[in-house]
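Data block below; observations after.
Lettered A, B and C in written order, each chain numbered from 1.
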Amino acid sequence: MNELVFFINNVIVAGSVTGSIYAIGAVGVTLVFSIMRFAHFAHADMMTFGAFMVLLLTLAFPGAGAFLGLPTAVVMLPLAMVLTAGLAVGIDKVFYKPLRAHGVKPIVMVIASLGVTLMLQGLIRVFAGTSGENLYVDDRKEIFRLALPFESVRAPIVVTEPQIILFVLTIICIVGLHLFLSRSRLGKAMRAMSDNPDLARASGINNNLIVAVTWVIVGGLAAIAGTLLSLDVTFKPDLSFFLLLPIFAAAIVGGVGHPYGAIAGGFLVGFAETLAVFNWGVLLRPFRDSLPEWLANAGNLAFVGSEYKIVVPFFILVAILVWRPTGIFKGKVI
Amino acid sequence: MSTQQTHREDLVASPSRFPLREAVLFTILLAAIVGVYTAMGAAYSTRMLVEASCYAILALGLTIQWGYAGQFNAGVMGFVALGGYCAMAFSMPVNGEFWASPLSGELGMVALMALGGVLVVVGASKLHRLGVPRPLRTGLAVALALLFYLLVSARLGVVTEQIEAQYDYIGGLGLPPWLGWIVGGAVAGLVGYFIGKVCLGLRSDYLAIATLGIAEIIKAVLKNADWLTRGTATVSPLPWPVPGPAEVGFTLARVFYFSITAVMIVAIFLLLSRAYHAPWGRMIRAIRDNEVSAAAMGKDINHRRLEIFVLGCILMGIGGAALGSFNSLFDPQGYLPLNHTFLVLVMVILGGPGNNLGTIFGAFAVYIIWVMSEPLALAVLDLAIAFGEGSFGWETSATLDSRALQARVFVIGLLISLVLRFAPKGLLPEKVKHHG
Amino acid sequence: MPLLEARDVYGGYGGMNILNGVNMTLEADEIGVIVGPNGAGKSTMLKAIFGLLIVTQGEILLRGEPIHNLAPHRLVHQGMGFVPQEHNVFPSLTVKENLQMGAFLKPGNVKRMLKQIYDFFPPLYDKRHQPAGELSGGQRQMVAMGRALMAEPSVLLLDEPTAGLSPLFMNEIFAQVKQVNAAGVGILMVEQNAKQALAIADKGFVLAAGQNRFTDTGAALLADPEVARSFLGG
């Protein structure tokens, strides 16, 4: 039974955490894809930027969280979202819009977004360095240990405060996004433009407005995803390319341009990653006596070492591109 | 709109007139090289030239992918690293102790196990021919693949751990470096083939994502497979295909080396020019410019695309191998997206995608600026630190070097953005001939 | 003052002119029909009016105001509606959402206009929660017209509304066009089915090679033997 708890801690909890982060990240990527039709490579660094803003604000007002009984970083998140949204809109104005106006191919936009990601990376790391920083500046990371009511189980299920915050925020994000896209006028217009940009224009929908709204949402979501990632572990400014692959894999698995698919894809990739690095030998331990020797002594039975974690989203990406390039939920853009 | 218009006229007119633009740009480049020689001395400057020439090979690889065919490879670094690894693995002396030990046999056993596993899985995947229902066959094949994978990787883990503990690493093959360069190109081409096979029929964005991913994976493997590469402990000194500095002195040795890379560039340049003007090149450009009509004319688009992508990857592997041998040090951690992907990208888009001469110009010009900008980056860094300390009170001195690098990350990003916006065809644009 | 007027319009794509001096006048409450052979510039003319391509010469006036080369969303604001021939619905949006998008610039109208559109096209009411991509061709055409009508346009541009429809649906669409027109909306449409279209037209414009060949009332054009011989298939 202890092994089962170990499994829950290392796979269920950890997988949901990673999955939530990837899901929110992938929604941002998929929204850009559905409105502007290019793979936005600067998304990971927008996430980092959002988390960095949270870090700066938390450093500036370390005591602010105590008033609300929440970690300061969470209290500062809305402000960081606004800043990141502003950054996203600004980046679009300065770097993407002129190219769009020239009618360049989508792949040129991809290169432009790589230029932007390098600029962001450079700026953030010049100021923040490349080492990790804890977002819990003045607060204490609460850790909840849920002991199971069984005699034989000694190990508790461990959930930390940031993880609970993460789950709550993820649910808020998903519900909020759903309501926005299905109920609000602008949300429907976004879906309309993703369906058929020419007809959206013929309906009087101002494409520039929708593009700006998209960037606001994408920036806000990026700030949330980046902050959640940093809350769970630490703020790491040098994750960029390691985040891009799982996030794009999630968006493509879910069907590009398909926000709900991106959420599902995010959890799929997150769980696949944790399942792949999980040492399955642990689950065999209780049965050690009844197993053949070669299996009982097999040592670490993880599919990939954690240093090769990035292979997992890549494998998923390749598999989906070979097997079903439109993604499991039939995306709009191939 | 208006700037584009003028570019166009330029393009159409250029073939018939004196190549003024080329002459001016290359004169400036020559002047810059002479300037570097007088300021920094011959040994230093020759090293810079050799490195720039290796980068020119990489850039030629990228320019045929991006310029000829419109394929964007965001993982040049991975192919460079593969080339570097092959150069190392072929040229380093044989580790006799390891090969004489029982561990080499065990490693062979693991290889045999892997081979056997592959055969069994492939066999299982053909079971439907014997009447096994397809879903069952697929499930069986996947389950067997997972099982064999787990067993082989567990065994490999044990064996490689012992290799690392007892013999450091498996060593090289003790062969001439140029053989490693050729194999490096072949291996890079093989990886490119698989990536291209998966991605080239789809939106071009997917290729960028996949190449970015494979580059990080190649680096992760080279960094962590210590038994193969010594990982972070690095391997040195790598032998040269020409007499080394110890025998003839720094400058002369580097001049020898440069003569090799220069010959390679000239050969690649001539071959590429021929291919570009041959029917094959016209077909590639027709596909790039108008996929639909090219397909309508019955051209096998995906096959042609795969050819050109693999060709580009081969060049990157060769260039990476030449660069690796020259550095005389194999350090997997030294492969950075900035230095080995984006720097090459800047060379290509600034020089002129699809224009080989422009790409070579771009490679040398950008590399010289890159090397010379180190002092500049430090100055920018000082400013940033002053700002950072003043505004936020950070301790910054500890991570000075890594931050100097980051300032250049920003500059490269800005450069990419500016070139795309203001000189989308590069300084020496591709000469597009309009056929009727 | 005419509702819509085109004076000697030139325009096309990428520097190549397709329109070589087209003239048109449409009074309020009229149905105008553009017919002509393939490549005559019929759809191009409609797109030129709706600001989807650049007019290089001449002018287009809506109630006397010049409108050529205005962005489409501005034209919607000024009371013009456009139904493209293909891809004229948002496939993943429900019928109701499609209609709501038509009134994007006039959110206050949505409730009242929805009711009116459902009255015009009763089948749409039953399907209002279904994605438009799942509808039949005729119903999709209704959604497309309904979407354009949601903004309460004073003039509606229809690009081959009956293309690809069975004769049964075709007659239904023509009937609905007349009904919409009777409600006070000027109609300018491009049609392949020239005879039926001219039969309901107040004005007909026969284009060839980007120029007016014949311009008259619908009835007069139908009666003209030369028009019949060259453009109506005898």
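One rule holds in what follows: a contact is a pair of C-beta atoms (placed from the backbone, for glycine too) under 8 Å apart; a residue touches a chain by one contact, two chains touch by 3 or more.
On a predicted model such as this, the values are computed, not experimentally measured, just so you know.
Engineer: Pretend subunit A isn't there and tell me which chains still hang together through touching.
Structural biologist: B | C
Engineer: Hey, which chain ends up farthest from subunit A, C-alpha centres compared?
Structural biologist: Result for max centroid distance from subunit A is chain C.
Engineer: If you average all the Cα positions, which chain's own average lands nearest?
Structural biologist: The most central chain here turns out to be A.
Engineer: State, to the nearest whole Å, the distance from the C-alpha centre of subunit A to the C-alpha centre of subunit B.
Structural biologist: Spacing between the chain centres: roughly 29 Å.
Engineer: Could you state the distance in Å from the CA-based centre of subunit A to that of subunit C?
Structural biologist: 46
Engineer: For subunit B versus subunit C, what separation do you get between their C-alpha means, in angstrom?
Structural biologist: Between these chains, centre-to-centre, one finds 55 Å.
Engineer: Residue numbers in subunit A touching 2 or more other chains?
Structural biologist: If we look for residues of subunit A contacting two or more partner chains, we find none.
Engineer: Quick check: in the complex, which residue numbers of subunit A touch subunit C?
Structural biologist: Going through subunit A, the ones touching subunit C are 185, 188-189, 191-192, 194-196, 198-206, 332.
Engineer: Write out the stretch or stretches of subunit B touching subunit A in their complex.
Structural biologist: 4, 70, 72, 74, 146, 149-151, 153-154, 157-158, 198-199, 202-206, 208-210, 212-214, 216-217, 220-221, 223-224, 337-338, 342, 345, 349, 381, 384, 388, 392, 394, 396, 399, 402-403, 406-417, 420-421, 424
Engineer: Considering the complex alone, what residue numbers of subunit C touch subunit A?
Structural biologist: Checking each residue of subunit C against subunit A gives 50, 52, 71-73, 76-77, 82, 84, 87-93, 97-98, 100-102, 104-105, 107, 147-148, 151.
Engineer: For subunit A, which residues count as touching subunit B in their complex?
Structural biologist: 38-39, 41, 56, 59, 95, 98-99, 102, 104-108, 110-112, 114-123, 125-127, 129-131, 241-242, 244-245, 248, 252, 280, 298-301, 303, 305, 307-308, 310-311, 313-314, 317-318, 321-322, 325, 333-334
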